[in-house]
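Each of the two complexes below includes subunit A, the first together with subunit B, the second together with subunit C.
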Partner chain A sequence: MTVTAPAADPQTNERSRRGSRHKAGRQRIGALFIAPYVIFLVAIFAYPVGLAVYMSFHDYFFAAPGAIVERPFIGIDNYIRAFESPAVRQSFGNVAIFLVLNVPLTVVLSLVLATALNAAIPFRTFFRVSYYVPYITASVAVVGVWLFLFSGGGLVNNLLGPLAPQPSWFVNSTLAMPLIAIYVTWKQLGFFVLLYLAALQNVPKELYEAASMDGAGRLRTFMSVTVPGVRSATFLVTLLATITGANLFTEPYLLTGGGGPNGASASPVLVMYQEGIQQGNAGYAAAIGILLIVAVLMLAGIQRLVLGRK
Partner chain B sequence: MKRKALTTLAIISLGASLSGCGGDSGPSAEEAATANGPIDIWYSNNAEEVAWGEAMVDAWNAEHPDEQVTGQEIPAGTSSEEVITAAITAGNAPCLIYNTAPAAVPLFNKQGGLVSLSEFDDGASYIETRTGDRSAQYLSTDGEYYQMPWKTNPSMIFYNKDIFSAAGLDAENPPLSTYDEFLATSQTLVDSGEVQAAIWPAASSEFFQSWFDFYPLFIAGSGGQQLVENGTSQFNNPAGIDAAMFWAQMYERGLTPKENYTGDSFADGVAAMSIVGPWAIAVYDDAVNWGVVPVPTPDGVSPDEVSSFSDEKSIGMFSACDNRGTAWEFLKFTTSEDADGQLLELTGQMPMRTELPTTYPDYFAANPDYEVFADQASRTVEVPIVPNSIDIWQTFRDAYSEAVIFGEGDLQATFDEAAQRINDLAGEE
Partner chain C sequence: MSRATVEETPTVQSSEEGQRSSTQSRSPRRKSQWVRLGLLTAGALAFLFPFYYMLVGSLQEDPNPSLSGAFPNPSNVTLDNYQAINSSISLARSLVNSGIFTGGVLLGTLVFGLLAGYALAVLHWRGRGAVFAALVLVQIIPFQLLMIPLYVMIVRTYGLADSYLGMIFPFAINSVAVLIFRQFFLALPKDLFEAARIDGASELKILWRIAIPLAKPAILTAVILTFIGPWNEFLWPFLVTKDQDLQPLAVSLANYISNLAGRAANPFGAILAGACVLAAPAVAVFLAFQRHFTSSDLGSGVKG
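And now, the complex of A and B:
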């Protein structure tokens, strides 16, 4: 018995060829569509990071085009200097304090507020806008208000009277960084509330109904339905709050006069600015920047392990 | 994984190769040195200097149709130094900037951004003739002038006569010449309840803030020393420690607040005194009934022997300039006796010129308030023009913040430690 392979169906072959061409064509179109973002990503993120890595291994400083200057390879000297610098170590410690306060506060407050603003409460739109206003207001303007509130002779100290801290808030080495963390939490809250509000729309209503039928109270419903239901948003909020917090600059620069008192609110980015831009030690500043990237990536990895798992 | 590693390597290599690129398509330095043609200049953005700059440009352009000058205010930024650094790096700095801080000159020079004015045949002699002995303070460590000393705002103590009178003090001859007198006067002012602070310099940690609190007093107390001389720190000597102790007491007693004031504490009547230059006359004339005295010294010396900080601004010529021949001629045109007279007239700031009172007798006769500043201008001391200048000032400011403003640690030990680090920085090339 002879078994003959069925002849290939010409129509099937044609469909297959068309499919391949179609797929290839679709990929080309897709590649074209993503090209602008890829170019943006390479030009704005990948190239600067690559250049920063290069700079961090050199005695690098910015120079005029065509100027003959020496920027020798110095290995890991910039990294050693950064590890040995009390100012750099202090700045990383400061930002750790900031993150320990800012990230949990951001997550808890924005979720609670989003849940409240998602419910049918009076003046809901007004409150939604109110929480968002600080986020879109220029930092310089808002900082002016906080300085008015928390300066030595400011409103808060006047209200506190003898209970006002000495030295005052922004010149108190214990209180300066926590106050900055609270300020940033308040200022960014609107954005994160918005993320949670969006996430809350995707929590199935049936779950709330089921919880209600099971006799769950508000707190139980919140803990057992809302919190798990917005888990992916919590991961996003945590990640974004960590990244933006690690890049803290404007607040210590403006609120505490450049990281004061005595460096107690200096952040790594502020030190990078002083070293790289003001003092011309761009290679050293780049090394601090790379260390910051590594630290943030490690934190993000931990967060993904804890919050990002399915 | 391998692809990722290769991609990363490619990106880093691209960064490395691009960073070495230079885009200088203009003429060589030798050609540019004598080239004539249109040039751009930047000047400060305060209204008085803008008026002076525009007048200079108009006067020059009327006589030089083939060498037109385009003037503009220095672009806005956190500070002029950062804007200039960015312009040098981008290769689009103008030919001349009439707002170059001497402390930034070593950095600009290291970047290859400045032209040595000593390379012009009459460069050094022109500067030295106009500025006299003080010009030596503006030489870089290689013995060349990379800046033209232009104008100074010698630091003195402005005080509010009305507040002094209200506090029961002699407003015409206030006791402010010694550290002890200054402290006692400050205590009286604050205790009177008339003001929140006796004097309120910024307590923030920017590198330049020490120019407006510690440095004028250190210069006066030391008989005219710079922060660093011959590569060695001077601020940890007895005069420096005395000046620092003085400020430490001001902070400790609450006579000077440890936080920044968000407005102008002197104009607002929140502080009774301020360390200022002659620019302050125009600013405070209508708002405050002011008086002026030299900065205090440990034991008090005759006012005509007190030196102070210059708060000087120079003119820099930048290497991106293609027509340096014209730039040099324009620079001389704008620092001539006539141009300096106009600067004095329009801004009240003191040209870095010898014998100011006798050169412009009519001006000082008509404006006697400025005469005391003109006298002080002849005894000014500059920041040291040494490598890592800004790094040095930041190191000093950090030590000062710690030991003086916040009173932590031992002052002498903190200053000695900072002095050692600063010696190392000043010794680097």
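And now, the complex of A and C:
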């Protein structure tokens, strides 16, 4: 990032010679400082990714501790099983429903709120802080209120009166997943508002001046200056929202009592938990995980093509 | 954070014309200010109402899901719900567990993360580019997807089920915090480090005496981010701890929601009481440090 000035006068020359003598030592210290983090990355990311790939090609199951069992190589059987499983297919379809709702809602709402917040307005800190509160609160805690709000006889249904859906929200197979998508949008929005606020500081002010000189209205200015100006942030927002969607577990586990009704809100991570940890078919669950990583990377690639820097 | 505004300021004009144009532009500008405020207020209501409702609901003797139940009613106020949740999941014990879990992650991130951030920003060593690339890549790999191999490693191979170490290990160094530290150290003037080196200070001393004191805002930002991670985390500690005495509050409350709530007299009240206890520390930490949780502090870390 920063370039140090080239050595010019003898004094700096002297300094840099001394610096090079120290360089070997600094090299060693740098390696020493980074070592714990590198070990951590290898132990927590690199090795588990390798282990997941290995497991997914083996009939890897949990046996009683100490028992010596054979876990034979079975090629792509786990993957075939995943592709053929209705539960797995349904869970990937559920994530698709989730993303179709969550990503556009997140992008539009967080950009609009960030733009509204990016001005000298009264109570600015209050607004900013109130938007972050859901993001910093545990999902387990907030889930409790949403369950209360959207339960059969809850406040929302009381307000809707005869318009209340039958069966109620989280036990309705059409509404459960969309409501989870809205819940997660609400929960994460503050973080994305923050990202857009940072991006808005980098949009050149001259562009706004030029737009107003050309007589562009507010909406026009927003569409042709703000939206393109924060394009790289939009890429980051869609990417992070996609990852959040792929990670979905707590919400279907608690809001819909384990992905109900009839798996209509089950997420792939929930299926992985049920298959891998509850049933003990770890190899099969690992294969589902690999498929999900591949899907996320493909989506990220598409988003980069559409929104990424040129 | 810079208070950049989008408002266009009137350009140089003759005073008479300036007067006219400012009165002309005032009413739409004022209107847009109202639109802006209305939008922000609607947003704030949508974000805050569930929290308000959480508190009100946790104090209700009889759950009142009608509209009037959204307002506190002195004849229907009780602390019984807190007692009910406490008798089934021991709030104090769970809070201590959450604290140890979070404290371990904070300690690991502050010790090893600061060393790593300093090494990535200030020191030169072979493989620096590769480690930085790995640090960025790690942000894209969803942690949940590694849960099966991590479970095999930590629970099955190393036997760390039902232990604090097993809970902490996968979160021990927060990579986003490392990114923030690196970014902040990069922004410090290089001469500062050179001067200290010429004075014979060791790198550890430079980090401790110069870099860390200057990086305080970045450290506070990273502390909030690191704090809310393990404090709110559910899936991993849920997988690792079966022993109730070791479960963090997020896990014991979730178990209460999915298994035990049916047995309580006022299940929603008890759940909401537990939710308030779980939410309060994170919200308090955030409010205490919110000045540092701004787009400029975090933006530099996110931009990479």
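The rule we apply is simple: the second predicted complex is superposed on the first by the 263 of 310 C-alpha atoms of A that agree within 3 Å, B and C clash if a C-alpha of one lies under 4 Å from a C-alpha of the other, contacts with A are read in each partner's own complex, and residues count from 1 in each chain.
Just so we're on the same page, a residue touches a chain if its C-beta (ideal position, glycine included) is under 8 Å from a C-beta of that chain, and two chains touch if they have at least 3 such contacts.
Because the structure is a prediction, the values reported are computed rather than measured.
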Clash-or-fit label for the pair subunit B, subunit C on subunit A: clash
First (subunit B), second (subunit C), both or neither touched by A:M55: both
First, second, both or neither for A:Q274, with subunit B first and subunit C second: first
A:G289 touches, of subunit B and subunit C: first, second, both or neither? second
Subunit A residues touched - subunit C or subunit B, whichever exceeds: C
Subunit B versus subunit C as contact partner of A:R218, first or second or both or neither: second
Partner chain(s) touched by A:I44 [first = subunit B, second = subunit C, both, neither]: second
Subunit B versus subunit C as contact partner of A:V107, first or second or both or neither: neither
Subunit B versus subunit C as contact partner of A:M177, first or second or both or neither: neither
Partner chain(s) touched by A:A82 [first = subunit B, second = subunit C, both, neither]: neither
Subunit B versus subunit C as contact partner of A:G260, first or second or both or neither: first
Clash with subunit C (superposed arrangement) - responsible stretch of subunit B out of 26-34, 224-232 or 260-268: 260-268
Overlap of subunit C and subunit B interfaces on subunit A (superposed complexes): 47-49, 51-52, 55, 62, 65, 144, 147-148, 151, 153, 257-258, 277
Contacting residues of subunit B [partner subunit A, same complex]: 8, 11-16, 18-19, 22-24, 81-82, 85, 88-91, 93, 107, 110-113, 196, 202-207, 257-260, 262, 319-320, 388, 390-391, 394, 398, 401-402, 405-406, 408
Contacting residues of subunit A [partner subunit C, same complex]: 1-2, 4, 15, 18-19, 22-23, 26-31, 33-34, 36-38, 40-41, 43-45, 47-49, 51-52, 55, 62, 65, 112-113, 115-122, 125-134, 136-149, 151, 153-155, 158-159, 186, 189-190, 194-195, 197-201, 205, 208-209, 212, 218, 221, 236, 239, 243, 246-247, 249-250, 253-254, 257-258, 269, 272-273, 276-277, 282, 285-286, 289, 292-293, 296-297, 300
Residues of subunit A touching subunit B in the complex: 42, 46-55, 61-69, 87, 144, 147-148, 151-153, 167-168, 170-171, 173, 256-263, 274, 277-281
Parts of subunit C lying in touch with subunit A, wherever the complex brings them together: 1-8, 32-33, 36-37, 39-40, 43-44, 46-48, 50-51, 53-54, 57, 63, 65-67, 69-70, 112-113, 115-116, 118-120, 123-128, 131, 134-135, 138, 140-153, 156, 169-170, 172-173, 178, 186, 190, 194, 197-198, 203-204, 224, 228, 231-232, 234-235, 239, 250-251, 253-254, 257-258, 268, 271-272, 274-276, 278-279, 282-283, 286-287, 290, 293-296, 298-299, 302-303
